[in-house]
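One chain, chain A, appears in both complexes that follow, with chain B as partner in the first and chain C in the second.
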Partner chain A sequence: MKLKQILAPLRSASPRMRILLSVAIGALLLFASGHVDELRSYQGAQVAIYAIAISSIVLLTGFSGQISLGHGALMAIGGYAAVLAQIHWHLPYPLTFLVGGAAGAGAGYLLGIAAARLRGPYLAGTTLALAVGLPSLANQFHILGGEQGLSFDIGTAPTWIGNDFSQYRWFFWVAVVLALAVYWLLRNLLSTRYGRRWRALRSNPTAAALAGINVARAKVLAFTLSSCVAGLAGSLFAMLLGLVAPLAFTLTLSFTLVTGAVLAGVSNLGGSIVGAVVLVSIPELSNAISSHFGGSEKVTSNLPGVITSVLLIATVLLAPNGPKFPTRRHQ
Partner chain B sequence: MNTFFSTILVGISSGAIYSLMSLALVLVWRSTRVVNFAAAGQAILSTYIGYEAMSALHNYWLSLPVALISGALISAVIESFIMRPLAKRTQGTAVESIAPVIATLGILGLIRSLVGLMWGNTFLQYTSPLSSKGFTVGHTTIPFSPLNAAIVVGAAIVLLIFALIFRFTRLGLSLRAASFQPEIARLSGIRVDRIRTVGWAFAGAAGAVAGALVTPTSYLSPNSLDLLLVSGFVAAVIGGLESLIGAVVGGLVLGLGFAFILQYIGSSVTFSAAFIILILVLIVRPQGIFGARSTREA
Partner chain C sequence: MLVQRRTEGRRLGVFATAAVAATALIASALPAHAETGVTSSTIKLGITVPMTGAAAPGYNKIPAAMTAYFNYVNANGGVNGRKVQLIVKDDAYSPAQTLSVTNDLILKDKVFAVVGTLGTANNEATTRLINSHGVPRLFVNTGYSGFADMKKYPTTFPLFPSYATEAKVMGKYIADNYAGHKVALIYQDDDFGADALKGFATAGTTFAAKIPYSALSQADPSVVGKWITSIVGAGADTVVMFGVTSATGALAGGLYKAGLIGKVQMILGSVGSDGTTLKGLLGPLAPALAGSVAASFLPSPSDATDEYVNLFKEVNTKYNAGAAFDNNVLVGMNTAMLTVEALRAAGQSPTRASLIKAISAKGSTWASAAFSPILYSAKSHVGYTGYWFGKLGLDGNAVSVDGPGKYTLYTTDSGSAPVVKTAAVRPAMPAKGLPNN
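Up next, the complex of A and B:
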């Protein structure tokens, strides 16, 4: 329980302390980024983006008790919105991220209205249908660029930040700063009355309703906010890939995010980073394994899926409340 | 014969497949209160086994029962070794309703990757001896083919056998009792756990037949049944998720709807159409055609 003792002051830190901590962690990471190669910077950016996307699921599932298998599709909406905003409105890139988040929120609001009437399996099925169906929409509308997608370029780092700044290091900076901002915002939001409402909702919807909580409204709000975060993650994902295309936002992405959230311990916001690190290291691990066995194309392309799924099943079976962090009892 | 009637025939043919998939989901839902998203994975695995059987026996028709039996076995194994222990562990906890959904997703992902590992991610041809070229009526060729006719007949036979088992055998009665009132069923001497496994096995068989019948119309790959899963789910929701007849009717309604959309609007909107139909059903009649009002509370 050493870890718990170390983390205890973090959990109870005041909002102002948390800002300071976030800034300190951010500065440390950004400093470290100067001393690693391009691949690590790329993976670091990937971790930050996954952490944002996973925290959107943690918010939804862990705190309001709704489940979504379609957050990959919401990321796609955010990504496409950001790219379209750049192409057609010529917005500077920080604003395109906002547009991505806003588009996600809009889509999430509409979906949330339907979702608030639905429990577990219905919501899961509906969002699954979205995840399967949405990417194919890109092929139908000329404006979305079809199978090839659209390219997205936020440019290189501004000169005042440093001269020989590599592309991925710059992406890493952007992603880390936004991830910390999102984490800080969500963390604080969850300790307001909204957070308490969602937790009440998750523990016992009937009791929450009796206590005067508007269950439907709280659920829609949670879904909207979660989709907003997913949309932001989607636009960052587009930044990292340099493009948006239907193949980037497959059903597998949605599943991967759920896996990350489960590995994070579904109701643990800080765990998002753990989940993200695991997700990013799985392909590395599986490459190592498959090259050890002189892996063919079959092995290299399918082993990550096997590892992810086995991890997911094992976690759900052995520690349904998430690994490492036992759920705290809600009094 | 005009376009209208041939569209109806095509709709019934694809509807028959959706009915089977929807039945696979409804059977599991009734017996264990889980929407089995792994159904697509189980069906893909059994279809690959059917494909192997066809390669070995050089006969499509003999591969169908092989696929059916392996589908039932796969499903029973998943229920006994993963879903049942999970249900016992999470009973009464906050994750009771979420954990099974996540577990079925994990199983879907696992089977898909394992199938990719075994057979590769390439498109395979699992063909039937029947022509997929439409019948010729008078001077025109209609979209309805001998293959479509075989699909309708095959699905109808399986559905009929299921209906007979459920209606007239002791096993069918136990299955219905165990899903309707598990406690009372247990008191009257039914081994509810074992019966649940049997329910999953029936579901696996239905999904396997759906996979083996639909695959000759396109190709076989580790994720070629994803759309079938979504269609099956939409059909199950249309039917009310509770009712076996509802599952079949829901499948036919969806098949006809798709066929008319395909004929009169175009193939590009099918995916979005499934989603829109689902949302409309959930908003207008969330309990489905055959569902009771209270069944929405999962």
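Up next, the complex of A and C:
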């Protein structure tokens, strides 16, 4: 209760406050990165990237009521676009991320046009097909590098930041800064009329249409924006892996993102960070459990899947709207 | 931390002296070999393999086979008194997961080296990490020839011959034994197949029909139907399958249903000719494979006259209870044996640098089960380079075309070198299969 009171002003934070808050959180995280080992930096970068990807699902499903099981494929589009922009246009890496986001948006726009005509399971099926089929395209076109993919290197941290900067710490910085920027943009966007329109059409598309909202257009816009964010996450994912390859963007990735969104509480933007933290810590947790109990290889290999499933079931049964946060707005 | 303390201490002479003294004390208290992953009694190694997911069947038997061989060596004195431990990580064949678990292996478990890591993109994803920490990456499990590039991958040693090598060798075999025949080629329409096409082009093999299939489409009956139509349409009496085992299974099934067994000769690449897996896939149709020609570099797991196979079988029975002895177990044990030889050669106090140096200097002389020389040297990280050809029997296992126990070896490189035919000579197995190099 007390925490709730302390955080109460944040609930109605003005855009300017939010900017200050984002910068403060960012500074804190970046400072903290100097005091953890490489493994934690890597995991931090992973959390930031997952948080961006999950927020794209939250935007789409939680706010515009559309379901996508194919966001892994949109990440692939963003990732490949960023890498190709570096290889063929020799763009500096910050611009390659923009290209990744733009490519995601373009693909999302086309998909969104189809999506606006589809509902529920049909949309899920269509996007699922995309996730299954798209990565294998890489084997059909020589420019996409085939099974072993294309490598992607954003280089090390600039020297003015510091000399003793590990590669993972640098990735963490890049990912955190972009994650906060995305979070800030989305937070603001959702409190504009666009956000209100999406919420209206999620709750009841017929009522929204009667209220004068162009449902199809609002849906396409949501899909485009969500795909743009997914494309950006994809290019950051490529940064972290140092490559794009069809195997990196599997169906499992798409499902993982949806899992993260469900754990986050699908209509809860802030929850996407919690979802990301949970996703990244599941392998760690399962390692700890299996080493404590000395399980066999079979148990160890399948434990992460079991933990994920249990968490999913528990979330759906006990907290269908995700964990409750004091800062969460009541809708 | 000590270094830091020492720098600060320089300002204060007393501290400097104290710190240096402390360092010396600690250094003398520690065993001399303070290399990551090595203690006075253990050497810690890591491996990433798909243990779950679609790619797991077969490959997920490799780590247990390796562990079994290491335990056998450990029970017989270990490597210079140290016991070898293998930490197994599942990557589900996803490069993202490979990187995550390799981070764990290198930064958390602090392994000395990684061994037998599987998959091309998977190994590519961890290259930056491997290179920046100078971690030896031994005997990677992929046929991608690029990993032999010493500039890009200074600590990486591929073991298996490349797909291009394999296609060149098959091209030579076809030219020698099937001249005048109409030959069709079925290949996987990705890098794997592209490398093969390159190799066949270098060998100058001409095909009556080239039939690409996209990965995983071989499960579709209509795809197999198209293969058969193309083979019949081209009038081919010989078909080369350069694909995965399930594609070989599909082809054999298709030929059988079309009544073409005995009329069309199958020639199989090493990736798609694992007898045990094929028998499982084909069930009652398995005899359809009898008489097919298959390229291999390891001996057949069913060859009861092969000393390596017999020893590995014994180790498998004793240390890997319940695992059927097949090609995957053979690959795992063979990799483990080479690993033990490498660790022994790295010296009494092995370091990552001494390990890499030892492989470059002596790797080409080590005993291994394959009928192929190993080309490791200061100038090359290429491993095996050769294949022998066998005919599959009714039991699904290959017997050399020259008769049991006699092997003609075809060697070449991934580039333009000619294919050379020699009688296979391989180092004799060390007594009891325990390396004594």
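Definition applied: the second predicted complex is superposed on the first by the 309 of 331 C-alpha atoms of A that agree within 3 Å, B and C clash if a C-alpha of one lies under 4 Å from a C-alpha of the other, contacts with A are read in each partner's own complex, and residues count from 1 in each chain.
Definition applied: a contact is a pair of C-beta atoms (placed from the backbone, for glycine too) under 8 Å apart; a residue touches a chain by one contact, two chains touch by 3 or more.
Note that the structure is a prediction, hence the values are computed from the model and not measured.
Undergrad: With chain A superposed, do chain B and chain C clash or fit?
TA: Here chain B and chain C cannot both sit on chain A without a clash.
Undergrad: Using the touch definition from the top, say if A:H90 reaches chain B (first), chain C (second), both or neither.
TA: Neither chain B nor chain C is touched by A:H90.
Undergrad: Quick one: is A:E38 in contact with chain B, with chain C, with both, or with neither? Answer first, second, both or neither.
TA: Touch partner of A:E38: chain C, not chain B.
Undergrad: Regarding the shared-chain residue A:S136, is it in contact with chain B (first), chain C (second), both, or neither?
TA: both
Undergrad: Decide which partner touches more residues of chain A, taking chain B and chain C as the two options.
TA: B
Undergrad: After the superposition on A, what does A:F237 contact: first (chain B), second (chain C), both or neither?
TA: A:F237: touches chain C, not chain B.
Undergrad: Figure out whether A:G305 sits in contact with chain B (first) or chain C (second), or with both, or with neither.
TA: both
Undergrad: Is A:A248 touching the first partner chain B, the second partner chain C, both, or neither of them?
TA: Only chain C is touched by A:A248; chain B is not.
Undergrad: Overlap the chain B and chain C contact sets on chain A and report the shared residues.
TA: 136, 139-140, 252, 297, 301-302, 305
Undergrad: Quick check on the complex: what are the chain A residues that touch chain B?
TA: Counting only chain A, the residues touching chain B are 61, 65, 67, 69, 114, 117-122, 124-126, 128-130, 132-134, 136-137, 139-140, 202-203, 251-252, 255, 258-259, 262, 266, 297-299, 301-306, 308-310, 312-313, 316-317, 320-321, 327.
Undergrad: Which residues of chain A touch chain C in the complex?
TA: Contacts found on chain A: 37-39, 42, 46, 136, 139-140, 146-149, 151, 153, 167, 237, 240-243, 245-248, 250, 252-253, 283, 287, 297, 300-302, 305.
Undergrad: Under the touch definition given earlier, write down the residues of chain B that touch chain A in their complex.
TA: 29, 34-35, 37, 82, 85-86, 89-90, 93-95, 97-99, 101-103, 105-110, 112-114, 116-118, 120-121, 223, 226-227, 229-230, 233-234, 237, 241, 268-269, 271-272, 274-275, 278-279, 282-283, 286, 296-298
Undergrad: Would you tell me which residues of chain C are touching chain A in their complex?
TA: 51-53, 60, 63-64, 88, 90, 92-96, 99-101, 103-104, 107-108, 119-122, 124-125, 127-128, 132, 144, 146, 189-192, 194, 214-216
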